[in-house]
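What follows are several structures.
Look for subunit A in each of the two complexes below; its partner is subunit B in the first and subunit C in the second.
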Partner chain A sequence: MNAWTQGFPAEHCPEHHTPSHGWSSSHIIVTFRPQREMFLARSIAADHKDLIHDVSYDFHGRRMATCSSDQSVKVWDKSENGEWICTANWKTHSGSVWRVTWAHPEFGQVLASCSFDRTAAVWEEIVGESSDKQRGLRHWIKRTTLVDSRTSVTDVKFAPKHMGLMLTTCSADGVVRIYEAPDVMNLSQWSLQHEISCKLSSSCISWNPSSSRVHPPMIAVGSDDSSAVYSGKVQIYEYIDHTRKYAKAETLMTVTDPVHDLAFAPNLGRSFHVLAIATKDVRIFKLIPMRRDATHSSTPTKLEIQVLAQFDNHNSQVWRVSWNITSTLLASSGDDGCVRLWKANYMDNWKCTAILRGDGIPVNCSHDVVSQQSLLTASSAERF
Partner chain B sequence: MEEVDVEPTTTPIPGVDSNRKHLGFVWGPGDILVYETIYKASGLSTGGCPFVHEVRKDEDICSPILRKLFNESHHIFVGLQGIRDDLPSKNKKTQFVSISKNYRSVIRACMEELQQVAVSVQDAALATQYGNQVSILLAVELIWNLCEVLFIDAAPAGSLLLHLLDWVRLHKADVDEKARDVLQSESPTEHQAYWDVVISYVLQGRMDEARQVLMKQAALQPAARGMFKLLDNLLIKMPIFNPSGAQTLTEFDVKWRHWHEEVDRCLQDQSFASNPHLEVICKILVGDEDVLLEHKELLSTWYHFLVTRLLFSHPIVKPTELHYYAQSSMHMFLDTRSVPEPLDSILLAAFEFDIHQVIKDCSIALNNWWFVAHLTDLMDHCKLLQSHNLHFGSNLREFLLLEYASGLFTHHSLWQLAVDYFDHCPEFGRVYLELQIERVPLDTERKALKVLRICEQRQMTEQVRSICKIMAKGALRNNRLGSALSWSIRAKDAAFATLISERFLQDYCANGAFSDLDLIDNLGSAMLLSDRLTFLGKYREFHRLYGEKCFSDAAKLLLSLMTAKIAPRTFWMTLLTDALPLLEQKEVIFSADQTHELMFCLEDLTSGNCLPKPDRAMQDEDIDTTKIEILRLALARNLAKAIVKEGTVEV
Partner chain C sequence: MEKMSRVTTALGSSSISGRTMFCHLDAPANAISVCRDATQVVVAGRNIFKIYALEEEQFVEKLNLRVGRKPSLNFSCADVMWHQMEENLLATAATNGAVVTWNLGKPSRNKQEQLFTEHKRTVNKVCFHPTEVYMLLSGSQDGYMKCFDLRKKESVSTFSGQSESVRDVQFSMKDYFTFAASFENGNVQLWDIRRPDRYERMFTAHTGPVFCCDWHPDDRGWLATGGRDKMVKVWDMTTNRAKEIFCVQTIASVARVKWRPERKWHLATCSMMVDHNIYVWDVRRPFIPFATFEEHKDVTTGIVWRHQHDPHFLLSGSKDSTLYQHMFKDASRPVDRANPEGLCFGLFGDLAFAAKESLISGDASRKPYPGGDRRYPIFFFKKPNPTEQFAHVSSALSVFESSVESRHMDWLVKTARLYLLSGKPFAELCDHNAKVAKELNRPQVSTTWTMLRIMFSDPANLSTPGPNHIGKLGTLPLMNSFSMKEMGTGLVAEGRLERSKGESRQDNLHLEPGNSLINSNNDENEETEGSEGQAEYMFGDAELDDDDLYSMEHENHAAEEQEYTLPQEAFPLRHEIMDNPSAPEHLQQDKADSPHASGNEAEVMCLTPIESFSLISISQPLFSPHLPAQFFCPVVREMLIHYAEQGDVQMAVSVLIVLGDRIRKEIDDLTQEHWYTSYIDLLQRLELWNVSNEVIKLSTCSAITCLNQTSTTLHVNCSNCKRPMSNRGWICDRCHQCASVCAVCHHVVKGLFVWCQGCSHGGHLEHVMNWLKSSSHCPAGCGHLCEYT
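And then the complex of A and B:
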């Protein structure tokens, strides 16, 4: 009798499941793999003429935008077979472009960029009208330039979509500006709704993504000001319905070193918020809103602050932190030249699960790795 | 015991000098993009930045054969969730065991297919890859099978050994292959593997098969017939516990001890001294550990050794005693120097009944969550994980299911399976689904409708609205007005519907015809979403009535569009112009009262400051003036006709 069928009642062992030959468990020993591995799927010839400062995925992960010190932004589209094709490339600013970010697709194909040239800009991709010579062709046009800052604009973020189409910038002069497009069909009109003075040179902002009605809009601002040695470098502001203004809810006094990036995790329907911070190490904070007194609706919610985790594996400064979609993984980039992935197990113990590190072998620019054909033509570049 | 633990792996990124530069990154769906950069503001230009690298997690999700594993196990999973809690536990246990077997049978089917592909494929690298996957599935099935025996079936003493024997036989099936070779050869008894086959059968407790092969030898040695007969007798007489029989465990034990003593006596009186092969078999039967260990090659693994050792020394081993024998067997079998492989640790943890250790080690050692998620879910249904309820909100089962389902969501078609997994995670399943499903690329209308249906079934109103809005926006961008309108109606987005209605009316004014008639004619109550949409629908209805020559209904509707303020004032001139042909019919269509009202509308419009518009060109103004003149004349004539008609008594 076949040993295989012996173990199984007939009804659970359809004909085609009966193996024609046996396997021995001795095959297993060698190849039982030790760990979830990462591998390099492909390299994209980005071809920026200077440093890339930011790469940003659109909401659905089918497009990406790159920005660089060469003052340009490039937009890339993923083809059916997974290759990235550059579909637009234009000069956006007259200085290094620090960040580029996509608006939610509900508002169309919209990008915002910010630059050393003290401005932020909003771009929209439109499809040529039927009368146009460019019929059916897509191209990006500048909708507005936001010129309120007197210093380099260091970060630009769209607010969560439930708040409408709102854009936030922060700049080296320590001012956070919140703009709104009152008519989402007309992206040329943006009104400056709020100006928050943080007193410290600001480097980064992050919106709390929670759309729960019990959580008023909340934004965290980080500062890399090294002159103010002892002050807290992360400030949290909350929108007060009563006064229609943003007020400071908390300063994280324990973070006194320069902060380069911060990121709220998706809320997951929890009562508390999770905020990751890139400073001299990676820190994850838990912000627990305290019970709010109805009569004090004109003051911000008090927050209880707890440290969930702290990692100094990057040895020195940490420059970027970012959560994946469901916030099960946190990635950070630091002075050790590595990207590290952090994961909490079900006991909430955090651990580094993977490292990405440059192999140090210099690559020639004119080199023969997968060089992607750019669809860009000179004529379309001139349009900007 | 020590847990399986590994340092994080480092993936090299070509061309980036991590000693001097930074590595920028961005999260994507199922991948991460990295690029060389410098975060410190240095002011120095360091030259171009040639590459952005796409780094993926090495997951089996892309293998088309494993996709079958995911698909079929999904059905089993959904079935398992449907098992009612109030079933008597005895019935439930049978069901759980059969579900466990179903899962294993899916693994086996997959393994078989992979094996065939691995053999037939030309590309050596691909063959290795398939081979690796086969070995992983083998390990997974081996572990699952053992967990089924120990935890799910939870066989008591007596039956326990029988199940373990089945387990070993199933996973050490190369004996049968070897036996076939031997028996099909010209003279089996001369075959070099002849005694290996006999002994292997004995080691697995397959006495009937061992006897059959032995018979060949006995037939050739008439002189030794007595000795063969004696051994044959011992093999026949070896008591095997029958769990369904009337025999108690104690009775079996007594019987087994008698048999054991008899075998021992044969050894003592040197009955097999003249045939070393038979003597070895006899020593195995008596459970001589040294002799067993001399056959490491035939046993091949420590757990085979364990089961064989139990078979001939402790056949009524209790589950609670198992860990002791397992540990000692592993130590006796493995070299003292060699470190146990992850698989060894996992199996040992199972023998120790440490379910959590098994799950933990498996999730570290395996490269996908499929196995741990499904096994843990099954264990949880068997109420085996309850004593370890966690205080961190989510429990182990849900944690693993969420991980597995999130992985599925990175795949372009498997994400649909993930929905059911999220549905069965009471704590965070819903939020995860909301976060993941809104990221599914809406490449086509068909795909959008599929995603939409899933959201609608679960009353995910915000996601439904957002998807419709995205589709409406996209359609409008591409000048597909009809599609844009129907999506914004689905999204109940009044502002957007107004905007698109406006575009329809503009197009009508420009071309004198409506597009997407099907949609506009069948708006029904959806028309009420926005005033402008109502007007669009009603205005189109007017054209339909006019076209069908229902003039008086058309006239009534046209008038009401203005008097009930449904039509925007900017459109009144167009409506009044539309009234012209009705006014000029032979028959009187507008009554005197209606004509008065029309006149009132016209005067209202012309006296107001909205017409003529200041920015209009002189020529336009002329046309408007002419139009007004014509209208006034037509209205006056119609009024006259109507008064005459209404004043005439029909005889």
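And then the complex of A and C:
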């Protein structure tokens, strides 16, 4: 058990957070918090044998999947008292597993993973069909392996639910593939619907989650290609109803450094889209679809692009970005080993509101103090 | 440091330098081998047998050993080996089963020296003894291994593996007499060269063929084997039983494996199919390659380290007819692109974070030498060995849980649960929702609800005669300009109200609120006659206002009082946020007064918005007798859009539902649908199924209401003949009787049907309940004592 962290104002330590239960493999630490945002760091003995590359919550936030270079995926379930318990652990690929992602629960308990071994796989949890007693009532079985890529599959994402059961992969040779399961009850049959060639080695993809019929399906692809120095590393593709193909709507030319992750913010009825990008800094873009006539539906929507924010506080490569469900908070993590939370005030000014360390030690570097100051001002803003 | 090692290790010959380079071959290569001093390389294949000199910048063809107009099959090589002691001596394994030795010192064009045609099938491998000049070993597809003394015409001994094909033979570095052989059935055998009758040891190394094996160059008794099962295994052969000490999982069957010189833990592999890359693995980290060479366009068939003491150059030949020299520093490092962190936001604001442990604890380890410290010359700064860093990695996984009192999503869930969207008069809904928002510490939202109530429950009229119309137009642009300036649209309306209040206040202060309302009611009565469509609403609202009026006059409703205090509490905030220079001063007075106000006064005070509003309607009879509800629609529309763009789709949808027809036409259907779907999705994520269902039910978009009906099928059976009913109505096709008739009133029940589980008679819930008050027998007269639970 870690003690209370130093430099923490005494009045900010509520009694009930004192670590009291004896769970040996985990400890609870209260990390730095600005005023009302208090985080308990619960460290979990993940017991992966190599790097963990991705963590993913399911739709309802009760399950978590981790994937690692040790070629396995683990599924964690939250118990009544809030502990995360590993309920499944199996070897998924014959190479590093880069990403793991959950399908919408409407389609069942379904995971997709992608790997260095050039494949992506779809897994489904089966309850009580196995005769094998050791595996227990629940176990995960492989429904399909997608083998179309000739290089490492770097990202896998399910499309938004309203599009049906669709899966997208991107690979190191710059090809984005969109698969569809025509029958949602049959997860072993996937047909390759689209192949988009991005020319640049792709590292990450993100679907625009908007369910509006005004917004055609849109996908953003990030590249970590370091050989093409001056080209834009984020491409945005849009589905054209007329040609039934995806066409490039935009390239973010200002992003020229390798992109490691990108994420569209939950749309929540907005008319525009917000895209967060993890490159050598954190960037937030606003993409405003311009009005267009129905007659020009054979070309992609024109997008007006605004930079909402750009932060280099990580002072290093940023590896991951993630939005909360109301898209009011953006979390980013970088090579500095910190997670930073970003929040906009009512003026659309984005500020850092918290810095979290993976081991729970509060951050006390000088430049961080500055951002702590600024977050105090930010937190007086109206909270949505 | 690396440069130094290169010079010292390469002392035996000239020092090695060069770059990544390649040359085209005439034909696909099957195997390559390098001479001892690393200056020349031999490439052998089905249609090629050449020697290239390795120069600084390029490969230079030195010699073509494939001579004669019609080369014999002896030239078709499966394997080649350059003797490591005798620099003129080469051996090849031919696909026709011949083992050939070549002497480069021969003056003639044909350098062939000896030919052994003892194997019956393809020879897969030839291997010279590392220290014995004349000893050559071969392994063939026919399952035999043969040992040749190059001074003799025939093999000196034959070893029978007593199994399928031999894929590889390798003399041990450690033990003079020992060699290892790998087989297609997955076994590895160890032989003593002096005992051809029986192998010393045998163990199963892989499932499926073992394509290759390689002894560790450092004399450790380690043997690496690679198989079709995509694995590379490292065996410790010094113990009695071969012990697997490392296992590397690659992504394709392993064709060749070669330990890297001078690097204890590294080995290079290439694959037999699918995968064209060459990987260098650190066996301690068996999951991710340490380095990758990705130049080849087809399967790599031969790999060899250029010099036995130089780890920086690797030569490779491929089916794509190229010969490459790879420089290690040009290799791609998959681990550099592999992302060391995972991050995901949970539903309730939890953050799951996995990171490489060295990143997290990075600061702690750097502490002794802070970045700015220049007391120690950089030279002494002990840099951790990159290969050591590579080998020892692990990730820490932690979940940051937002603590109970600041749960991010709590307000969203609570608001969704507590909001009332229907079932009560409009004003009550607004008041209730305002209260909910207030309690959840969201004053702006609360104020918005209050404003909505004021705007739309005011007994306003719809049809305004000509002159009034002008007045209305006059105020509209003013309002719009405000809404552009102000940030919170909820405040826009307030600001505007205060303004109009300021204008109208002076001359109307003497008026009682009661009077004003009565007046307005009169006005309304006069004018609603003309309008038909909205009359219903207007009437209902007017009634409400009367209620308000009464409760205010009697001032004894505790519940109402509570409600009325809401707007008052919302007041101070207005000023803080708004910072509007033109805000009327009297409001600050109000604010200052309110704490001292007695109960009665406070009540009047808090009603200011209502009061002032009704005041407007009376004080400006010349321009417009009332501000019609429609008047606010543009403002409200803008407000809803503002909320939606801010990401508070909950507010947008809730207001949309509560206002219903008052606002619906103002907002285009697609936008509404978008809001609904977004909000419903959010609710379902939070597992608020009831709320989500209510929203679906109350929505007016056809696309949304049908959500509840998808994949729902209702099967109805006739209660008389028990057959499935057609969908034609309430009469059964077959027995031509009405199904589900109420036993009490004998009419068809459409809606709630209650029936006794004992006799299956029943009917309208209300009728049956009434019946049961008087009798406990079945109303159908079947004599059953019915029980309803």
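As a working rule, the second predicted complex is superposed on the first by the 311 of 384 C-alpha atoms of A that agree within 3 Å, B and C clash if a C-alpha of one lies under 4 Å from a C-alpha of the other, contacts with A are read in each partner's own complex, and residues count from 1 in each chain.
As a working rule, contacts are C-beta pairs under 8 Å (C-beta built on N, C-alpha and C of every residue); 3 or more make two chains touch, one makes a residue touch a chain.
Keep in mind that this is a model prediction, so the values were computed, not measured.
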Which of the two partners, first being subunit B and second being subunit C, lies in contact with A:Leu192: first, second, both, or neither?
neither
Is A:Thr353 touching anything from subunit B or subunit C once the two structures are fitted on A? First, second, both or neither.
first
Chain touching more of subunit A, residue-wise (subunit B, subunit C)
B
Just checking: does A:Gly108 make contact with subunit B only, subunit C only, both, or neither of them? Give me first, second, both or neither.
first
Considering only touches as defined above, state whether A:Leu137 meets subunit B (first), subunit C (second), both or neither.
neither
Would you sort A:Val127 into first (subunit B), second (subunit C), both or neither based on which partner it touches?
first
Of the partners subunit B and subunit C, which touch A:Val307 in the superposed model: first, second, both, neither?
neither
Which partner does A:Ser271 reach: the first (subunit B), the second (subunit C), both, or neither?
second
Touch check for A:Met253: first (subunit B), second (subunit C), both, or neither?
neither
Would you please give the residues of subunit A that touch subunit B in one complex and also touch subunit C in the other complex?
14, 16-17, 31, 36-46, 48-57, 59-61, 64, 66, 68-70, 84, 161-162, 211, 260, 266, 268-269, 319-320, 322-326, 328, 331, 333-337, 339, 346-347, 356-361
Spell out the residues on subunit B that touch subunit A in their complex, using ranges where they run on.
6, 8-29, 31-39, 45-59, 98, 101-102, 105, 108-109, 111-112, 115, 131-132, 134-136, 138-139, 142, 145, 166-167, 169-177, 300-301, 341-343, 364-368, 390, 392, 394-396, 399-400, 402-403, 406, 428, 430-432, 435-436, 438-442, 462, 466, 469-470, 473-474, 477-479, 499
Which of the residues in subunit C end up touching subunit A in this complex?
230, 249-251, 285, 287-288, 334, 337-356, 359-363, 393-406, 408-409, 412, 442, 444, 487-488, 577, 641, 644-649, 652-653, 670-671, 673-675, 677-679, 681-682, 685-687
Residues of subunit A touching subunit C in the complex
14, 16-17, 31, 36-46, 48-57, 59-61, 64, 66-71, 82, 84, 94-96, 98, 116-118, 152, 161-162, 203, 210-214, 224, 260-261, 266-272, 319-329, 331-337, 339, 346-347, 356-361, 382-384
Which positions of subunit A touch subunit B when the two form their complex?
2-4, 6-9, 12-14, 16-17, 19-57, 59-62, 64, 66, 68-70, 84, 105-109, 126-127, 129-130, 161-162, 185, 211, 260, 266, 268-269, 317, 319-320, 322-326, 328, 331, 333-341, 345-348, 351-363, 365, 367, 369
